[in-house]
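Common to both upcoming complexes is chain A, partnered first by chain B, then by chain C.
And now, the complex of A and B:
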């Protein structure tokens, strides 16, 4: 890349501007990456708590439904499950964490009372009610886990992108710009040295010429002088 | 826009969720998971009306590479796996890749101690 640029002062100034901008961008992106990682750490702590709860709720719900199956039979449990009228729904709103849009999930109709479930009180036993309740709790935990895990995934993606940008600036763009700057500076210095050398040579040549000219003039003058003191032989003889 | 919760897995796994009111479910018998689970998961992931997909951790083993990758990275809908308690397996790798260190490792060690 460095050899592609023309070594001119204009290009040097342009590269210096780009270096300044890139260094500033690099600093800002580094800060963004560190901030995102700190936010991510908070979410990770929360996620681990939620995961723990989710696991406990799942074990509990499994226990309850196994008990219901054992006592009432699989068909009765399936029958009750098929009779449900109210269905849980979720709506998603968004929240912004350092430029990352993370969802906030609101749920409705997850926890229901006996009357709302729709399978009736007479045909089923309390075991099924307990299992349904345990699964409703589990659903609440799942919704919370979904919210936290989506936030984590989005944050991770953003961290990865920011990290890649920081690395690209640090290890690719900036070194190339520095190399270009150095190349132009060295070329300009070289040009300057050549120019000085050329001027020096011209000056020397000029001095040499002047010297030669002066010597030639001196020689001429000396010759003239010699000519004036001793008049030509022919003219003296002619006079006599 | 309101969305629904979907459950994918064997009928034993989905029954409990149906008892809690979940009506969007894909039943895949254990012996057909190798062939049918990919399609079931893809159908649910492509459904705009679904906001959260619930799966069992062990079922991830039956998914093909591409579908599994979609499951691990999908944000809309988000896939929540339950069962082994450690959470999304892909998430750990993603954290390792993005942050540079394995943040979940020390917690597992703590749990063991």
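And now, the complex of A and C:
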């Protein structure tokens, strides 16, 4: 890459500008990456707790429904479940964590009281109530887990992207820019040296020429002096 | 009401052979060690052979067992109604109306959720008083309002019509289901008076226990849930444990409610262990378990004190229901991997 740049002072200045920008960007991205990692660690802890609770709630709900199916019969449990058509309402909003947009899931009508579950109270038992309650808790945990785990995945993706950008700046772009800068600087220095050398050579040549000229003039003068003592060749020949 | 003179001796004679065919304690102990397919095979060699063979092509595993149990129960209870006349018929039928209520609730739920008629029919237990033709007509309708019209000449029409208005406002089935259950419980003691001795006294005592236990369950569930439901709406008259105002007051104080049941002369001793556990327990299940066991104890007394009265028939009905519940509990318990001790402790009532 470095060799593709024309080694001019203008390009050197442009590269220096890019280096400055990239170094600043690198610093900022490093800070962002570190911040994201810290936020991610918090979310990870929360996600682990939520996962644990979800797993416990699932086991509890399964146990409760198994007991209800065993004691009341599958038909009765299915019947009680069929007595409600209304579904819980789930809405998603978003919030911003260090520039990462993560979902915020709000749910309503998940936990219900006895009168809202659809089935008649007189003909059912506490086993069905407890199974229904356990499943409502499970659904709440699933919604919370969905929110936390989606945030975690988005944060992770952002950390990866930021890390790639930091690495790209640190190991690719900046080294190339430094190389380019060095190349241009070296080239300019070389050009400068060449110019100096050239000027020196010109100067030497000029001096040589001047010297030769001076010598020639001197020689001419000397000849002239010698010619004053003896007749010039032309005049001697003309005399013959 | 069936015509003819009351025939408790005949019905009891027929019931005695049926009672003898019920599973004994050692049968349950064998079943607890089997898997669902083993239980189905075991049932094939017993009273349940016909139903297992009949349903074997449509269902398998625990579903086969559960449907075979329900169908067998319906067949036996239908026989009871076929054999009985007069007062005996009336006494048996009023208790078996619980299956009419079950069927009506199942059909209404099916209509509510647009379930195909064939699927609804599978879940019915045709052991009650309602005629087959009425149930078949109910299975054909698509609207709850039409189903109520089909019941025009039955005791369920009026309460369902009233509850339908509330259903239309709220969109949930609770008022309809409660109306049906209330209709069953409130007619249990119709025309029986308050006899002080004899088989009728025992019969009434049993039905009062059934009502009291239902009131106690509902009150405890309402007290636990902390929902703002009006306890008066769930109060069933006819019991001796609570009156309406007492129940409304007790529902707001869980501990006082438990104390009230514990101090009851009739049930306090029978339920003392369960009530002791209930004070600190998170679940009402063990208490409901204790209520079921107490009710079964009542039913045993019914059969032993007056063996040729309708009480003995009622005792058989309860024993048969208990058998069905126990087998189903064992099969479902084994299906979900519960061990023998858990099944014996938590599910089976011997």
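As a working rule, the second predicted complex is superposed on the first by the 224 of 240 C-alpha atoms of A that agree within 3 Å, B and C clash if a C-alpha of one lies under 4 Å from a C-alpha of the other, contacts with A are read in each partner's own complex, and residues count from 1 in each chain.
Going forward, contacts are C-beta pairs under 8 Å (C-beta built on N, C-alpha and C of every residue); 3 or more make two chains touch, one makes a residue touch a chain.
Predicted, not measured: the structure shown is a model, and the values here were computed from it.
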Three-chain arrangement built on chain A, chain B and chain C clash or fit: fit
Chain B versus chain C as contact partner of A:67, first or second or both or neither: second
Most chain A residues touched (candidates chain B, chain C): B
Contacts of A:113 with chain B and chain C, given as first, second, both or neither: second
Touched partner set for A:153, first chain B, second chain C, both or neither: first
Partner chain in contact with A:82 - chain B first, chain C second, else both or neither: both
Contacts of A:131 with chain B and chain C, given as first, second, both or neither: first
Chain B versus chain C as contact partner of A:15, first or second or both or neither: neither
Least C-alpha distance (whole Å) that remains between chain C and chain B when both complexes are overlaid: 10
Common interface residues of chain A - those touching chain B in one complex and chain C in the other: 62, 78, 82, 84, 86, 117
Parts of chain A lying in touch with chain B, wherever the complex brings them together: 37, 40-41, 44, 47-48, 51-52, 54-55, 58, 61-62, 65, 77-78, 80-82, 84, 86-92, 105, 108-110, 112, 117, 128, 131-132, 134-136, 138-139, 142-143, 145-146, 149-150, 152-154, 156-157, 159-160, 163
Chain B - residues contacting chain A, complex: 1-5, 11, 15-23, 51-52, 54, 73, 75, 78, 80, 82-83, 85-88, 91, 94-95, 97-99, 103, 107
Interface residues, chain C side, partner chain A - complex: 62-63, 66, 70, 101-102, 105-106, 109-110, 112-113, 115, 123, 171-174, 176-178, 180-182, 185, 214, 217-218, 220-222, 224-229, 234, 236, 283-285, 287-288, 325, 328-329, 332-333, 336, 338, 346-347
Chain C contact footprint on chain A (complex, rising order): 62, 66-67, 69-71, 73-75, 78-79, 82-86, 113-123, 125-127, 129-130
